[in-house]
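Here the chain labels run A, B, C and D in written order, and each chain numbers its own residues starting at 1.
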């Protein structure tokens, strides 16, 4: 227990430094960016005085350092500022868009893990067979296909040709759908949610699935060549147990690492997938803000995603340390 | 004379690599007596480790045992298999069973019961994510289940995975693991049984490896370089442990090593390998004092003498050959380094033959007689011969 | 702390060979008296990296005391062996001497001058005088270079002579170490282990150094090849008037090649002296055990092999570092010498086990169960502990017996802290308290050892 | 830079691995296409003609229809051919531009961005990694913390943010093939999207730096490096002569695999409309989305080209990895 606490303390301190770096970088983006937010917020025919007034309201006339300190203090207190465009609190908008992206990312992650890991083990165990070479080919395709194109192709073949599955939007969230089911016994919400989720999930998860498949397959193959596998055979350990307790457990470390780290990649990838499926999530919000130089909004999203990455990183290290007793937590 | 527990005939193991075929072990013939310690010595690339793995049937692709018979004395198994008509001759011969010809299931069941193995690098031979005790207990458990005729299939595995409380290893096996750790003189076995391999030092891990091999009371223990890479004080402990166990359990030990000092302490007989072939085999004192093969002679002469600093060492010129089939000479593989080589040597690969009738000392060399004579002459200064027996500590 | 008694120690009867090096201006007149290499109280500690988090948590960085107070001298033309088991700091010592590591403390003098000053003022100049040959033939040569490039590299760095001269010198060196000049354009990986080691030697010789540090040069080689390299090394020494510092864990190789030997244990010198003297008449219990452990050696004892592990240099034992494994630990002075060594060793074992925290009440009960004696539970448990540490059932000294019994009772009651407290208070060996000074065993041959028993004997004389 | 051993093992791998050979051929043809686009493209990729818009690829049918149109001030009945023909083997887009020519020109943008971004990343990443790994200590800590910060952002988000900061800067350079008069009737300039290239480099270099650092740390402890130090070689020279040559193989393997990531990022950016040029695969895919129901080939064709290119690079990467360095791990997007 004590070592777990030291581990968490140590990693949180490191994490805080990274997050501070993230905040600073993001602040610098806004400073360097050539657009003048006051100009953007003011009506087109605004007088220079009005623009000046807005600048002052936004605190942009203060020295950079003061602005920086104010910004960092704000972020620490959970205040990400106000959107230049809608003048609503950034945090509220982000929290509103977050569930869409999270649902998508988690679904894609689950899809990828559930398909890839068993397939990878199977492929490694039956190395060189037809199933192995087919899976390899599919995974090669998977890591080589841009997700937005895969999404379009799926829309083309599944929705346009056969009229199956909706191609855009997210009419209902998971929470709401479950609510309907539980309180009103209405399956409609949930089925609509599922129907809307399928295509985006596959589009987003395929690359990741192919990647995990390769990692699992290589990991298992590598593990099967270790000397302790020989030793275990030498002592007569039953083969299924050998595969489970020796091969699989030890080949999972890189899989866990990549799974955790790719969560960031999934959120990045969702920017494009969301745009294809008109999915109301962080990605769509980010693109919309980018198009109008709404820096507070973009900064907020970047900080949130960066902090999320740092947290998953700590979690991944923790899980790996639990899986692998050689890793010292302290 | 004690009965032989193992008779190896024409054992040949090859590796089919990208660079070509490697003849790691070629036509090996030797016997292992009941309760005997046979040392297989040789330099790197002599095929001594492959011999051990071949006996355990642990050769993996691209390697393959291409030829040979391994007759294992097991009256019980011979009885069981004797009734089967087809190919009987190849499988059973009196009390002996050719383990190369039995079904894979029987072959596998011999591993970990009749045959135990100690690996060279204990750090790599233990699974890093399971405790040492658990792994030894597994070996105990496997052996128990085999005795009971329990098979373990996929369904058992699924049951074990699904019910977190059930474990493959029973608590009795676990207790036995503690006893075994205690037997190999690991201090505080009750605490150490729950530690992971990386928490053990090299020497302790090697002891644990011995404990794991002992789990099944093996008839034959194959020890592959059990002291290599260990500090000299720790080495001594392992050698002593093996010696004790041999007396205590009466098992036969095949010890594979390049450390002639270890050999002189523990082995009844010594087999010298070079380039995948057996060059000389005989009682240890005879091989050390009156080596009949020039290679054995050279090997002994290369060792700095620990007890006699004034003895000069005489290196063998040249390098250990590689074992690629197409680069190996047709004659004696030592011919190009041998001080006694004649033209004949380059053409004829000498077979392993008795040096003299009945004294169990066999040698593969066209000039064995002369070598022997010369060696005998040099024995006239007894110090040197004596010191040679004692010499030798090298490790990698 | 070890106190070197007299720096002006009588030197061995070895004539310093005449090193002809015209350009060495700093050659002092007293060269024949000063040793080529003098190391005094050298320490090299590795401190664990301290990251941001450690700094914030103000955690004490760990410290590996790889070399911890080592002193010895190497005369010109001689071969000094450094022997010890893994983790004794011998490789760190070698690399610190060559200036590859900054010493934590202490002094290294090469030809009468501070090595680290020499390096600070002119790295290259020092490089010409001291070179190293490494252990691992697979890593000691850059795989992307040819034999010619490897051997010529030091000449290129120091811009020795013209190009043609360098190539000539390369040919000369390559032939000298027994390689064929046909192979000059071959890459490192095309050579066998023994040949690579020869290349390493040729590279070290290229700058005509005075000192060559040989860091386990043959431990990765087969015996037949090792013999070739050992003979080559001794030929070269004679031919080029080289001084060798030979590091090895192989006692027979040390004995074969070296004039003097330094036995190291956990970063400190246990014993030093002429090879013959140390090997024939070892004064330190560690040296004795080391020599008796050599498999196949004439005086190998067998039964006495140590079963415990080498402690970590991260947290070395106090006092004499060998006391946790020593078979002849000094008994506490108050019980005097009449205390039987066997009984005392048993008591000491009991104490060490208590200290390691591996002996508690549960363990005592478990031990008792294993013996399955009937009768009083407490007595059985106590006797079981005694047996497991091979302490006699009754000690000859009655005070000692009483105290030991108290400690055992505390242990069986579950108060292992108390049990240890009693042991610490009343059974404190001098070996645990005092770091033994280096004392002379034989002044004439410069045979010295760092053991309290040896100092006692010296005191008696 | 490449040793004999490397070359032989590469050759062997190529000979034994037919799939890898296909990959190398695919990649090479893409590069050739990019280099000689003006000569290979049958039409000017920007040439619009509404009379032949939405022509399907050859053999994929289509129909002729008569419409009335205003031509030269007169109302005429003309036959508009929407039948796939060899003139436009892969069909035409909504503006009647030749899809094949556009795709060939699109390869240019992808390959140009991929190679220049990789060059920048290699130089920066290798330098930082080498210095960080070899010197260690505080230098290492500072540099690696910086790397951590960059890694905390998803690649695509940070490139988008940088486009937001710097705007879309593009440089038109004259197309040498057209300027020299070898071909005519093709666009005279080729557009180099500077912001996109630099934005992508700013995330890719960290992956290179991490591998380079690991290699430098490993090489630093090799005995031949220590030997060079005892011979009095300076640190910079040791890095240049010993550490870098012995680290370069895994770095190059990673770089190859990362080129695939760059191509995907680039096409994603242009798909989202942040490309500096409209001659790009992602741009065409996005443009074709609106006509999915009628003109399926518009999005399909450029996408297939992306997949083929990336498959080629990945196969080459796998080949290099198998031949040179079995231990390396692929870094994701």
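Quick notes on this structure:
Criterion: a contact is a pair of C-beta atoms (placed from the backbone, for glycine too) under 8 Å apart; a residue touches a chain by one contact, two chains touch by 3 or more.
Remember, predicted model here, so these are calculated numbers, not experimental data.
The set of chains touching chain B and also touching chain D is given as A, C.
Between A-B and A-D, more contacting C-beta pairs join the chains of A-D. With centres taken as mean Cα positions, chain C sits 53 Å from chain A. Averaging C-alpha coordinates per chain places the centre of chain A 24 Å away from that of chain D.
Note: centroid distance chain C to chain D, computed from Cα atoms, is 57 Å. Looking at chain C, residues 51-52 sit in touch with two or more other chains. Residue positions of chain D touching 2 or more other chains, listed in rising order: 145.
Across the assembly, chain B contributes no residue in contact with two or more other chains. Residues 3-5, 141, 145, 222-224, 226-233, 242, 245-246 of chain D touch chain C in their complex. Partner chain A is touched in their complex by these residues of chain B: 53, 56, 58, 60, 108-109, 111-113, 115-117, 119, 121, 124-130, 135, 138-139, 142-143, 146, 151-154, 156-157, 160-161, 168, 196, 198, 212-213, 215-216. Every residue of chain B that touches chain C in the complex is listed here, in rising order: 43-44, 185, 187-188, 190-191, 201, 203-204, 227, 231-233, 235-237, 239-240, 243, 258-265, 298-299, 301-307, 309, 313-317, 319-320, 387, 389-396. Across the interface of their complex, chain B is touched by residues 85-86, 192, 194-195, 218-220, 222-228, 230-231, 249-253, 255-257, 275-276, 279, 289-290, 292-300, 302-303, 305-310, 353, 356, 358-359, 363, 366 of chain C. In the complex of the two chains, the chain D residues touching chain A come out as 145-146, 148-149, 151-158, 160-167, 260, 264, 267-268, 271-272, 282, 285, 288-289, 292-293, 296, 299-300, 303, 306-307, 310-311, 314-315, 329-330, 332-333.
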